[in-house]
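Here it is, the structure, as structure tokens.
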Amino acid sequence: MGSSVIRVAINGFGTIGKRVADAVDAQDDMEVAGVTKTGPSFGCSLAAKKGYPLYCTSDDPDRIASFSSGGYDCQGGLSDLLSSADVVVDCAPGKMGAANLAKYEAAGIKHMFQGGEKHELTGLSYTSSANHTENLNARGTRVVSCNTTGLSRTLVPLYEIGDSLRVECTMIRRAADPGDSKKGPINAIKPVLKVPSHHGPDVMTVKPEIEINSLAVAVPTTLMHVHAIIADLPTGHGQTTESILDLWRQTPRVIVMHGESDRLTTTAEVMEMARDIGRKWGDLHEVFVWEDGVKLVGDRLYYFQAIHQESDVIPENIDCIRALMGVESDWKASVAKTDSAISDYYGL
Amino acid sequence: MGSSVIRVAINGFGTIGKRVADAVDAQDDMEVAGVTKTGPSFGCSLAAKKGYPLYCTSDDPDRIASFSSGGYDCQGGLSDLLSSADVVVDCAPGKMGAANLAKYEAAGIKHMFQGGEKHELTGLSYTSSANHTENLNARGTRVVSCNTTGLSRTLVPLYEIGDSLRVECTMIRRAADPGDSKKGPINAIKPVLKVPSHHGPDVMTVKPEIEINSLAVAVPTTLMHVHAIIADLPTGHGQTTESILDLWRQTPRVIVMHGESDRLTTTAEVMEMARDIGRKWGDLHEVFVWEDGVKLVGDRLYYFQAIHQESDVIPENIDCIRALMGVESDWKASVAKTDSAISDYYGL
Amino acid sequence: MGSSVIRVAINGFGTIGKRVADAVDAQDDMEVAGVTKTGPSFGCSLAAKKGYPLYCTSDDPDRIASFSSGGYDCQGGLSDLLSSADVVVDCAPGKMGAANLAKYEAAGIKHMFQGGEKHELTGLSYTSSANHTENLNARGTRVVSCNTTGLSRTLVPLYEIGDSLRVECTMIRRAADPGDSKKGPINAIKPVLKVPSHHGPDVMTVKPEIEINSLAVAVPTTLMHVHAIIADLPTGHGQTTESILDLWRQTPRVIVMHGESDRLTTTAEVMEMARDIGRKWGDLHEVFVWEDGVKLVGDRLYYFQAIHQESDVIPENIDCIRALMGVESDWKASVAKTDSAISDYYGL
Amino acid sequence: MGSSVIRVAINGFGTIGKRVADAVDAQDDMEVAGVTKTGPSFGCSLAAKKGYPLYCTSDDPDRIASFSSGGYDCQGGLSDLLSSADVVVDCAPGKMGAANLAKYEAAGIKHMFQGGEKHELTGLSYTSSANHTENLNARGTRVVSCNTTGLSRTLVPLYEIGDSLRVECTMIRRAADPGDSKKGPINAIKPVLKVPSHHGPDVMTVKPEIEINSLAVAVPTTLMHVHAIIADLPTGHGQTTESILDLWRQTPRVIVMHGESDRLTTTAEVMEMARDIGRKWGDLHEVFVWEDGVKLVGDRLYYFQAIHQESDVIPENIDCIRALMGVESDWKASVAKTDSAISDYYGL
């Protein structure tokens, strides 16, 4: 593709950054310009094995030099990376957004943040199914969180049935990621006492027409979030439980499977199925809907969905790069291209 | 009180039965006629220590005789117990209801089942705050489950504000009791795929005027259930978040405490507080509402509450005995009497 | 007992402090002079309900005054409490020992620390079964940790069989207490990588003749620690598995029960049995040995025991008070007196 | 390789079977003749995607026909599969060994069982590092369990230092696999009350010269087993902690990493590292030894190791096929060939 290949910097090479890098690497219209680490560590080996140029999150010469002590070849500081890339995907741990934004603006580079940052940081948010067009050629944006991404995938098509949707969502959240051994609780339920919680309304940063509130609890599991959703369709919607299942079956990045028949009755079995699919890290990019957990009662739809919190936003990051760079204005075309490449890459 | 003391048989001396027995024993208007076990086991020691007459769940002479092998003094079979009591509280493990009902009817004894049985078994259900009067002098009834009991306590007063209430409840359920090591899941969330679930609508067996549905998930914890509730009050309700908190503060068997200020942000801390209170087994009979987790937004009320699944129905069992025997027609008077005796008994 | 009643100050009224206070209160030869809190909180209500005089951990007048904001009656600062007591039991959170020791020495008061502090702090440690006599009339000492206390109870009698014992212990430790929702891991095993670990050798601070090492792991449970022990008896010991079980059955504060027959196969069932016994907080002061998990193979004894980490040191704290005050030189007499009073107090 | 390619039947396509199939598929000297399922299910899709011929575990025509209802192409019954293969790897769920053995013998096919079956079934066991030569050209054998395999890898080289080794191992076992949501305990420790346990002595089925006993507990985690080991070297061994680490660093299928420096302090972080490596299912075939958890004290070596219970036996199954077929008499050559192919296959 020659000079038109988009060069993507990834600032932060942890849970999200390592996945974004592999997904970028799998596309034919973009490449990894480099990834950053704060210092020498196991993550640097991973970057080296993949052949991703390694940079330091800081421009401090001493810190850059420190990488050699671990046997790693560091190409320079963040500024060096930014100057050689077209767009930066910020995958830094939470709440470093404001400081990093200033650096990206100073470098004059397009930029994307993750859902750990607030909408106000950029004044613009992104998810493929809701507002790809709005983000075309923008200077910077924020890819919404794993929860908001998953909600948008099933709610946007519901909204489009009758241009009206009122939603209440209870989020049963995993308390820690699988590789995190520090957080609890071991044996308790922790409600998010700010009610309604901020989680649901975040959907409105990408689809303001959906009226949504949420309640959230954290529980002792590491695998997935589960959403228990009630969605009120407008009267006269003309839908049935089965027609809504069909709608979702045709929606990208939504998997509909049967809990009882497919023996997928808990998030443990769902993630085991994902390991069988065989993507890196056993990831499941799709939101998972239990077919036998969906029921339309009058205008009110009840359903459950599960979110792989570590990976569901990865394909949206790829689509968002294309939106910012203005290379693909049709969201479904981008989604098809992204997903095809990721599937190829992961060997399906 | 002489001959007017109600003699209570307790059929089944496990998680619920042992608690009901102690609560009966603490009242001055009733006494434990006896408790049953299927055979010699640790539970028999507990009954002996308490001085409760011990009977066999069966009338089979061989099984009755088998108790002596464990060093226990068995007074006879279930029939013997039933013939010496005024009312039997069925605390058998789930789904033995129909068989036991036949025995109780044959013995001509008043009877109460627990919430593990269906409403249809007796055609009548009970919870103190909803329908004490309806149960006065009934032949038999069912004390509703821990979840329904807890829901009724906070929902009935909400209903009475404007004689209208529509409720959606997501139940985050403990997967096993603390003394149960067999059940999982260890690291997963299990949605109840029958949607809406049966849990919420069970409230309508005691308060049919409340319109309620629910969704439920099981999570890897043993301590408490948590309910995430949205309740729609009728327009013109005239309430505020604070007025509703005041309403609950005046409601029996509802505890309102502040999660952040009182350092009770999870069910672990709530149950530790219960252990500090010092009732037997560290029980918490009250439904626990987080003050800072309640918010009225227009007509819609959001709140969280937690249920100690092993003990919250115990005081309702006592009130229900009085209802069936027709000795106290005022539910609040029975509640006050029950709770005062339990508190005295447990040393508060 | 008049003026000879020992006045006990308890500095810190948390997990251990609240239990020590109740155990002191239950004895007829000692009384609670007061307990300390850092500021107004739920624990102050607990002290008030018990009637324990409440003091501030600090002598700062502003902090002392702050208690009234919570509606609590604070009697003064730590110095005031120390001046009115004969002995202070330090139940402060870990690593405040050195600072507190200086205060106790300045006040000229006898003092006891808990096992979270190092032996070197006082140069003397205590557990009832190992070295009561050594601690008679000492100025200050340290009651060893829950693990060391439990180990001493079963190992000291084994040592006394032939005046020789070599032990290896693997400790499977609960990662957090039941009321603690902050610590993890949720789904992992965490080895203590310092090997051999410090836990086992701590036994030698009270019984130097026992040769012992240990390995330790933390696991996602809150209920109890479990010890997997191999103990090498001297050749010619003349013991059998059954004779060792008999030895332990006659040892104070050791419970021997059968896992399979008594349906106590995990720590969940063991702690449920403890709740049935009915002590405050569902505590189990005794070390629990599974009868069917003991086997002598030649000179090597294999066994499992379980430790209720929140409560097993409580009776030893009481005995230790008597040792420091020189009022009872026979450890078994003190143990009998302590345990009888605690049992009475708790209603057994 | 023409007609000399070994045709491998895999009877049972679950946790172990699916992994063995992929590993066979990755080798150039063997191929998957077919895999069996009991009936139509998600696992059939997996086989179809991989291109593995699908057979029924039964020869019953009705059951064979039932696969078409799920849209699967079933090639026949077990007998058909056995008649077209050189060797069968039995990956059936536990305790079907005797019945299956009869079928294999009737079919006159070489056969391998997994560690869930007893040694007595075949009278011969296998693990690459201990007894490859003994298994050359055998009719049938048993690949030892995940625990025994992991123990053999670190213990056999220790034994060979001085032709003597006495070992005690405490096994802290995961209670359920990650995809299993039925088993508990949620919040308890379950000791294996048969002491010493059968786990350690199973090493003697492949290396009788090692004297070993074990104790075992199950804990609420799904990721890995951990072994806490003490191994007594013969006096005059001439080793140091560092020399033993070097020995293991040169041993196939042993990974030595530093817990603190590499931030791999729990099994959660170890398995996250495995996911980063990128093998299918995030597997870790190697036994993992914490460098900073190894210490030689006199003749006694203390160490921890972790076992990925779902995958560590997979490469041994491949080596075992070569042993039975007599195609490679040098175990280290087979190990190198196996591991190279698996690494290639998995993209490292």
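As written, the chains take the letters A, B, C and D, and residue 1 is the first residue of each chain.
What we mean here is this: contacts are C-beta pairs under 8 Å (C-beta built on N, C-alpha and C of every residue); 3 or more make two chains touch, one makes a residue touch a chain.
Quick caveat, the model's predicted, so the values are computed rather than measured.
A.B. asks: Decide which interface, A-D or B-D, involves more C-beta pairs in contact, and give its chain pair.
C.D. replies: Result: the pair with more contacts is A-D.
A.B. asks: Among the chains here, which has the CA centroid at the largest distance from chain A's centroid?
C.D. replies: For chain A, the chain whose C-alpha mean is farthest off is C.
A.B. asks: How big is the gap, in whole Å, between where the Cα atoms of chain A centre and where those of chain B centre?
C.D. replies: Distance between chain centres: 43 Å.
A.B. asks: Distance between chain B and chain D based on Cα centroids, please, to the nearest Å.
C.D. replies: Comparing mean C-alpha positions, chain D is 49 Å from chain B.
A.B. asks: Between chain A and chain D, tell me the centre distance in angstrom, where each centre is the average of that chain's C-alpha atoms.
C.D. replies: 36
A.B. asks: Residues touching two or more other chains, restricted to chain B: which are they?
C.D. replies: 178, 180-181, 185-188, 190, 220-223, 265-269
A.B. asks: Residue numbers of chain D touching chain C in their complex, please.
C.D. replies: Where chain D meets chain C, its residues are 168, 170, 172, 174, 185, 187-191, 193, 195-196, 213, 215, 217, 219-224, 226, 228, 230, 259-260, 265-269, 290, 292-295, 297, 300, 302-304, 306.
A.B. asks: For a test of understanding, state which residues of chain C touch chain A in their complex under the given definition.
C.D. replies: 175-176, 178, 180-188, 190, 220-222
A.B. asks: Which stretch or stretches of chain B touch chain C in the complex?
C.D. replies: Contacts found on chain B: 18, 41-42, 46, 49, 178-181, 186-187, 222-223, 262-269, 271-273, 275-276, 278, 280-282, 347-348.
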